[in-house]
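As written, the chain order gives the labels A, B, C, D, E, F, G and H, with residue 1 at the start of each chain.
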Amino acid sequence: MAKEVRLWEGNHLVAEAAILAGCRFFAGYPITPSSEIAEYMAVRLPQVGGTFIQMEDEIASMGAIIGASLAGVKSMTATSGPGFSLKQENLGYACMAEIPVVVVDVMRGGPSTGLPTHPSQMDVMQARWGTHGDHWIIALAPAFIHEIFWATVRAFNLSEKLRIPVILLLDEILAHMHEGFRLPDSSEIEIVDRAKPTVPPDRYFPYDESQGDVPPLAAFFSGYRFNITGLNHDKSGFPTTNPEIIQRDMERQRRKIERHLDEILWWDEHELEGAELAVIAYGSIGRSAHAAVDRARALGIRAGLFRPITLWPFPEKRVAALAEQVRTILVPEMNMGQLVLEVERVAAGRCDVVPLGKVGGIPIDPPEILEAIKARV
Amino acid sequence: MAKEVRLWEGNHLVAEAAILAGCRFFAGYPITPSSEIAEYMAVRLPQVGGTFIQMEDEIASMGAIIGASLAGVKSMTATSGPGFSLKQENLGYACMAEIPVVVVDVMRGGPSTGLPTHPSQMDVMQARWGTHGDHWIIALAPAFIHEIFWATVRAFNLSEKLRIPVILLLDEILAHMHEGFRLPDSSEIEIVDRAKPTVPPDRYFPYDESQGDVPPLAAFFSGYRFNITGLNHDKSGFPTTNPEIIQRDMERQRRKIERHLDEILWWDEHELEGAELAVIAYGSIGRSAHAAVDRARALGIRAGLFRPITLWPFPEKRVAALAEQVRTILVPEMNMGQLVLEVERVAAGRCDVVPLGKVGGIPIDPPEILEAIKARV
Amino acid sequence: MAFDYEKYLRMERMPHMWCPGCGIGIVVKAMLRAIEKMGWSQDDVAVVSGIGCTSRTPGYLDFNTLHTTHGRALAFATGLKLARPDKHVIVISGDGDAAAIGGNHFLHACRRNIDITLIVVNNYIYGMTGGQASPTTPFGMRASTAPYGAVDPAMDICQVAIAAGATYVARGTVAQGLLLERYILNGLKHKGFSVIEAMSDCPVQYGRRNRMSSAVEMIQWIRDHGVPVTRAKELPPEELEGKFVTGELHVAERPEYTEEYRRLIEKAQKAAEGAHG
Amino acid sequence: MAFDYEKYLRMERMPHMWCPGCGIGIVVKAMLRAIEKMGWSQDDVAVVSGIGCTSRTPGYLDFNTLHTTHGRALAFATGLKLARPDKHVIVISGDGDAAAIGGNHFLHACRRNIDITLIVVNNYIYGMTGGQASPTTPFGMRASTAPYGAVDPAMDICQVAIAAGATYVARGTVAQGLLLERYILNGLKHKGFSVIEAMSDCPVQYGRRNRMSSAVEMIQWIRDHGVPVTRAKELPPEELEGKFVTGELHVAERPEYTEEYRRLIEKAQKAAEGAHG
Amino acid sequence: MKHYELRFGGVGGQGVILAGAILAEAAVIYDGLYAVQSPTYTAQVRGGATKVDVIISDRPVIYPRATEIDFFLALAQRSYDVFHHQLKDGGIVLVDETLVTRVDEDRYRVLRVPITDLAEREIGRVVVVNAISLGLTVGITGVVSRRAIEQAVAARAPKGTVDMNLKALNLGFEQAARLGFPVEERTEEAV
Amino acid sequence: MKHYELRFGGVGGQGVILAGAILAEAAVIYDGLYAVQSPTYTAQVRGGATKVDVIISDRPVIYPRATEIDFFLALAQRSYDVFHHQLKDGGIVLVDETLVTRVDEDRYRVLRVPITDLAEREIGRVVVVNAISLGLTVGITGVVSRRAIEQAVAARAPKGTVDMNLKALNLGFEQAARLGFPVEERTEEAV
Amino acid sequence: MAETRVQEGKAAGAVEQPSPGKSLPRIEVIADFCKGCEICVVMCPRNVLEMRADPSRWVGSVVAVVRPEACTRCMLCEVHCPDFAIKVF
Amino acid sequence: MAETRVQEGKAAGAVEQPSPGKSLPRIEVIADFCKGCEICVVMCPRNVLEMRADPSRWVGSVVAVVRPEACTRCMLCEVHCPDFAIKVF
């Protein structure tokens, strides 16, 4: 039965989308501006037979969702900057142990307590590098209400498919804005569940490369008894210090990303054809840039927009090609320059890369971006 | 009185250097391979009238050193990967509040519990981006025993001078190796203490731009009563949500780094003259690369070494110039490729940048680097 | 005669941000009167907090004031106190700050018996973030994250403090500001870690969700649910169900941490000299 | 008759890595005998740990085993248990893991009274990292970070557990493996959060520094310093100084968390249906 | 193309953010338009200035914040001061005249209504300030249909307060008419 | 140029890492050479294979790990197996013959001494295995002076054990001599 | 309103009669700080205070001193005013 | 060695005499697991066990069963062997 259009708060839609994607466990600790996700889950999860728990802190929340996921239940947590910092250690555990989980970080002004009720895009680099040690992670930054929905579903699907934590990065504007959206029917939603082992228990190994880059993950209590550890491990999940095994294991983890780029990478392009200047922007500033590009085009300026939704892994190839095409890439972000560093790296000198960072809790609006575009063409 | 040459363990020398640099407070939580720093401090600090405390966890340790530093006492903590992740939130507080502290991270294999007793260089990006929100930080990665000493002293001096947290990045090899070193006399050591206010208490503001990019920091209990918060604040240290004030404050913080690059940046060059290939390596792998370059030169290969000791801020200008000079930059690291990303960014396509990452807890030895050099010339 | 609160307030930052009828102000006043009675110079006092409504206190007070991260006030305070054991460090925390995310630092400050006074303003809720359940939200009561009523039992902060080793533990209420002042005063006088829990009202985030929408109603509820410790001892457990015990719950003498550390320093220095001599 | 430990061991990973005489193995055996008595299928049992020597236990056991991060075992276990309330979750932790870095999760697992059994192997020290002081290192005893003797008083894990709300709390020792087994068994039977503290020896990192270099000496010390709770009640406090009380220290009935949550789900679903109908 | 940017400004607790959501709901659910409601909090607790932007359009809304505001409802001076800057020259400013006294008359078209007084006097409850404001807003701007705002208000009104809120909404429309904005015919089947 | 790379391998608890430090101290403090001692732990607790590299040179040591080992002392089979690979062809392997039995005779020059047995039999304490090993190492390689290693051992020996350790060291030198390596003259003022 | 009174018992030793030798109590309200919470009103054992509506304030009301002559200077109003808005001299 | 005996009291109900009807106890030592800690030796109330030096092992010794006939099958050795190295049948 087709559902009606409703006005959705970004945070609430994340929660509802998670439930539709199969999420049945949420552990969290309140923090502005993400708390509405927890509050919505507190109401809704028990209605669908799931479990919401408010833990004693963010560290515990992150631990709890890994535990629940290991029992085969799709799990999520949500937080903002300070809480995201606290989750980093256990987030790294999920990377190492390859446990599917979804972590929402609603970005607010930072560092530290910063500007709790104001938007920022300051956790973009942390999302990639926040935990210690080499690790791979996926981070999605939707911009429109429907993207918030589909990015949440995709976060779960990628996480399940690749046995990897997926970060959903919102900013406070998107989290708190309300926008009209019709919830799709469950038949319209493709849901991916992690692969289950096909071998009998005595031949099951949770990190068995011979089963592919993403070996199946059995659920605890399902008759497959195995070991999970945050130490480097061999294919059976037991600790090892063997350098070759470890190197291979890490390479396999990297391959999980590299070989699935087609499914992971997601972006939007707007007016890039014939563009001499490309704006690269994401999240709510992606919308601002979209508006600015429209205005620029209206003025006859050949500007276009590349709006990555997948921030990590970064869409390197496409951006490299873009750098080849345009003379300038402008990168407005609500921070002092973060993703622009990655753009610079990928552009590799092929064009000018111009940061347009701004902090203080107010967005970069279309006129400001338009000004910057004009100054560069 | 000139001291004798002694065999120093890297970790112990960090601790002794800290004491000579004026450190009188250490709070920590044990973790391999950094624990010897705490253990040494537990013995030595009370001997010099200082205080060592083992806190309940790394979060508390980080909080305690900020508290002690605010009372005017130079403070340090030491940890390794998992603990470094846990310190991130309060590390960001030190950035925001601009409290001088020194944090040692002895890198071991990661992510997660990883390889606790084996070396890595996997926390390099985390050192820059581990906490949420925009922030600036200094990270030093010494390679030789004398550098360990001087980098520790410099960490304190930069921290005091710039009111910024400084990260000292060792790897397990450097932490546990013993090497001969003669402790300098205190007269040979330049010690920088944070600027004290020169204005009377009623005109004192802890973030007063008019006092320079690094406004003086009064000690608690010194007759200057002021407020410190992790919220964005105005010059007086009270919370503000004024975007202009915040933007200016963040820009001042960035300037603290930019205007003091001369003092902050520190690197070693070896055989770069006429080099066609430059190796960029740091920490113990910097030593390996040095040996490899020597062997390459002996074979008539025009290779040289750029060995940054200051990793963050990255010595952009020098590396950009190098990228102009050479055909290839080779970046061996005990990780899957971290600092190489920054090298790529800075090289901006001027030359080939080749990663040589390795994980699994064993170092990249000179023959391996030599092989890679040969393959590229 | 009116107490001169202005002496201790940063008047340029007043009026404060707390909601009408919020009990935090009552606790802060009791604390200021107690400090005045100690006769301490403002320069010698630090007030440290975490994050939350309660934790906004330091910003209004003219001491050395430190607004830290959520739950970590005691960790920062421990460093501050160890750096200057001769000065006075007071920590003020909300129930979430002290007992949820800050629970571990609370445990260990108690254990060390470090000479810090901790005031916990227990309003049963996360006030600042909008009414989520706290570890002290009573069973069955509502919060934005407990829409069907809390299923977690509430923590008794004072009992945990006692078990963990705090040497002065008292519980007062904002319905009895003068008693509260006395407990805080005794806590400040006490050498060792002292915990004063102040049962307080949050009409906006807790009261509103639990049929007590005015501060007056909540304060009444608090008054009615507190049982003085002397009386509590005589009551059967059933009658204490859903109530809390007030008064000085625990006073003990144990070595204080900074003094022990001073002794350790002497010992270490003597040993080191011995080694040289 | 010899107990069939092999049934529960991953024999291909044996012998285990613990030092000669280390008490952890004694605790693990008691735990395995208790599990056997419960008659549980190995598929239905998860053993979860943090980091430390004790926390290496899961790797040797043929259950669903989870070796998490330092101090966080109870957090992971809480998620696991809530996801499958019908299964059995046992956590085994060291004293540092449970009471230092893990203190907060410990407090709140006790408070929630979630049906998990926690076994704390208290060997007074951080074994794995090389003998640093733990929150249970007795006052004055030496550790690598307490070279002049510990100045922090030791935490009484059981007392904190009781104050925080655990409903089965017992303390045994590795000198009395059969009693320990009985406590663990009663803990496993108990519906609610149960804590069994096992006083254990670490000859290498603790004993060596404190003039008990052999396991036998340490186990003797443990035997001599435990006072059964029945006897402890009769002794004056002075005589308990420096000793620890053993036995079942606290057994209570309180609503169990996952059952309460099941009820909440029913309530929520009824309410939601009501809203639809 | 229809594209209208509105801003409601007040202080925490007044409920302007909810009012913005109701207006957006009227547009999206009942009029089939596109809309974004986008709030700004300047303080975490009561008493701080807050605002909400509502952008209503017949095409998808790209940028979710108002940049060229057509209509600004200010229920607190502080809020006016902080948030009026993005108003178009000549844009409409509607203020509660007892609460907002200093307005830039030269730049904007200023309308004054004693909204809070009316709420107390006519309905007897201050909470209906929002419903009155919505009536005024829609009456003045016509940005959504009367029927849509009625349905939206009714759907959001707490149990037992629907009539009171619709009455207040109507009062708003009447006030708009009084200010010279035409009254759309009343829809009776609203509830 | 003098550049000598040594490796001592054993299992946790045997103290080879300390032995490496003492040798490095002999070089640095008493012989005025450059040296790095660089340990490797493969397990956090007892019983795992450990090794320590000592590089002694008359110039500053660049790379702190051994890559072309001249001399390898192996006190455990496991340690030999894991750590012998970087030994030079023809390099010297000294093993405790009761603990290490399988050695690659074709590649290395293998010397066998029953070090642990000697410690028990001649000195009566297993702990002196390290001192004997140091005597052997220096006796065989001459990498530091006898006087230097004596001073280093004496300085590191726990109170009351100096004589025992020096006796063990001497035993090591004697064993080296027995294997055909010349004995440097005894320095009496060592302690 | 008797049932909403919240009083601190004599235990705290604070409730006194006005002493004849002293001047009459002066009760000062800092209206800018008063948030109209009514706590002082219910705390006062002598009905000295009352709330007064004031629609010009976002909180809607402010306290007023209506029977100053009855005041015993017990300080309960001052002690319990969370807003530092009432002072008894 | 009497003074180093660590015994679990009768409370645990475990110390029994060998029952004449049953076959003699068989005590199995898994030498590969035994780390020579001596705990079983001091736990045994009947002096059934003894340590034996074995320099070929890094731990230096291993347990030996010297008086099997005295064994009461009380299981204290087995229960307290941390290394799963001794079994009493």
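Criterion: a contact is a pair of C-beta atoms (placed from the backbone, for glycine too) under 8 Å apart; a residue touches a chain by one contact, two chains touch by 3 or more.
As the structure is a prediction and not an experimental result, all values here were calculated from the model.
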Message = Between chain A and chain F, how many steps is the shortest route if every step has to go to a touching chain?
response = 2
Most distant chain from chain H, judged by the mean position of its C-alpha atoms = E
Key: Chain centre separation in whole Å, for chain D relative to chain B (CA means)   = 39
Inquiry  = Suppose each chain is reduced to the average of its Cα coordinates; what separation in Å results between chain F and chain G?
reply    = 85
Query = Which integer distance in Å separates the CA centroid of chain D from that of chain E?
reply = 60
Query = What parts of chain C, by residue number, touch at least two of the other chains?
reply = 18-20, 51, 67, 69, 100-101, 103-104, 107-108, 129, 135, 148, 152, 261, 264, 267-268, 271
Key: Junction residues of chain A, two or more chains touched   = 32, 43, 46, 56-57, 59, 82, 89, 93, 112-113, 116-118, 229-231, 241
Query = Considering chain E alone, which of its residues make contact with at least two other chains?
reply = 42-44, 47
Remark   = Touching chain F in the complex, chain H uses residues 55-56, 58, 60
Inquiry  = With touch defined as at the start, can you tell me which chain H residues reach chain D in the complex?
reply    = 4, 6, 8-9, 11-14, 28, 32-33, 35-39, 42, 59, 73, 75-76, 78-84, 87-89
Inquiry  = Going by the contact rule set out above, which residues of chain D touch chain H in the complex?
reply    = 1-3, 5, 9, 14-16, 18-26, 29-30, 174-179, 181-182, 214-217, 219-220, 223
Note = Residue positions on chain B within touch of chain F in the complex are 4-7, 32, 116-118, 144, 173-174, 176-180, 284, 287-288, 290-291, 294, 363, 365-367
Inquiry  = Can you tell me which positions in chain C touch chain B when the two form their complex?
reply    = 13, 42-44, 46, 48, 51, 58-59, 62-69, 72, 74-84, 87, 104-105, 107-108, 261, 264-265, 267-269, 271-272
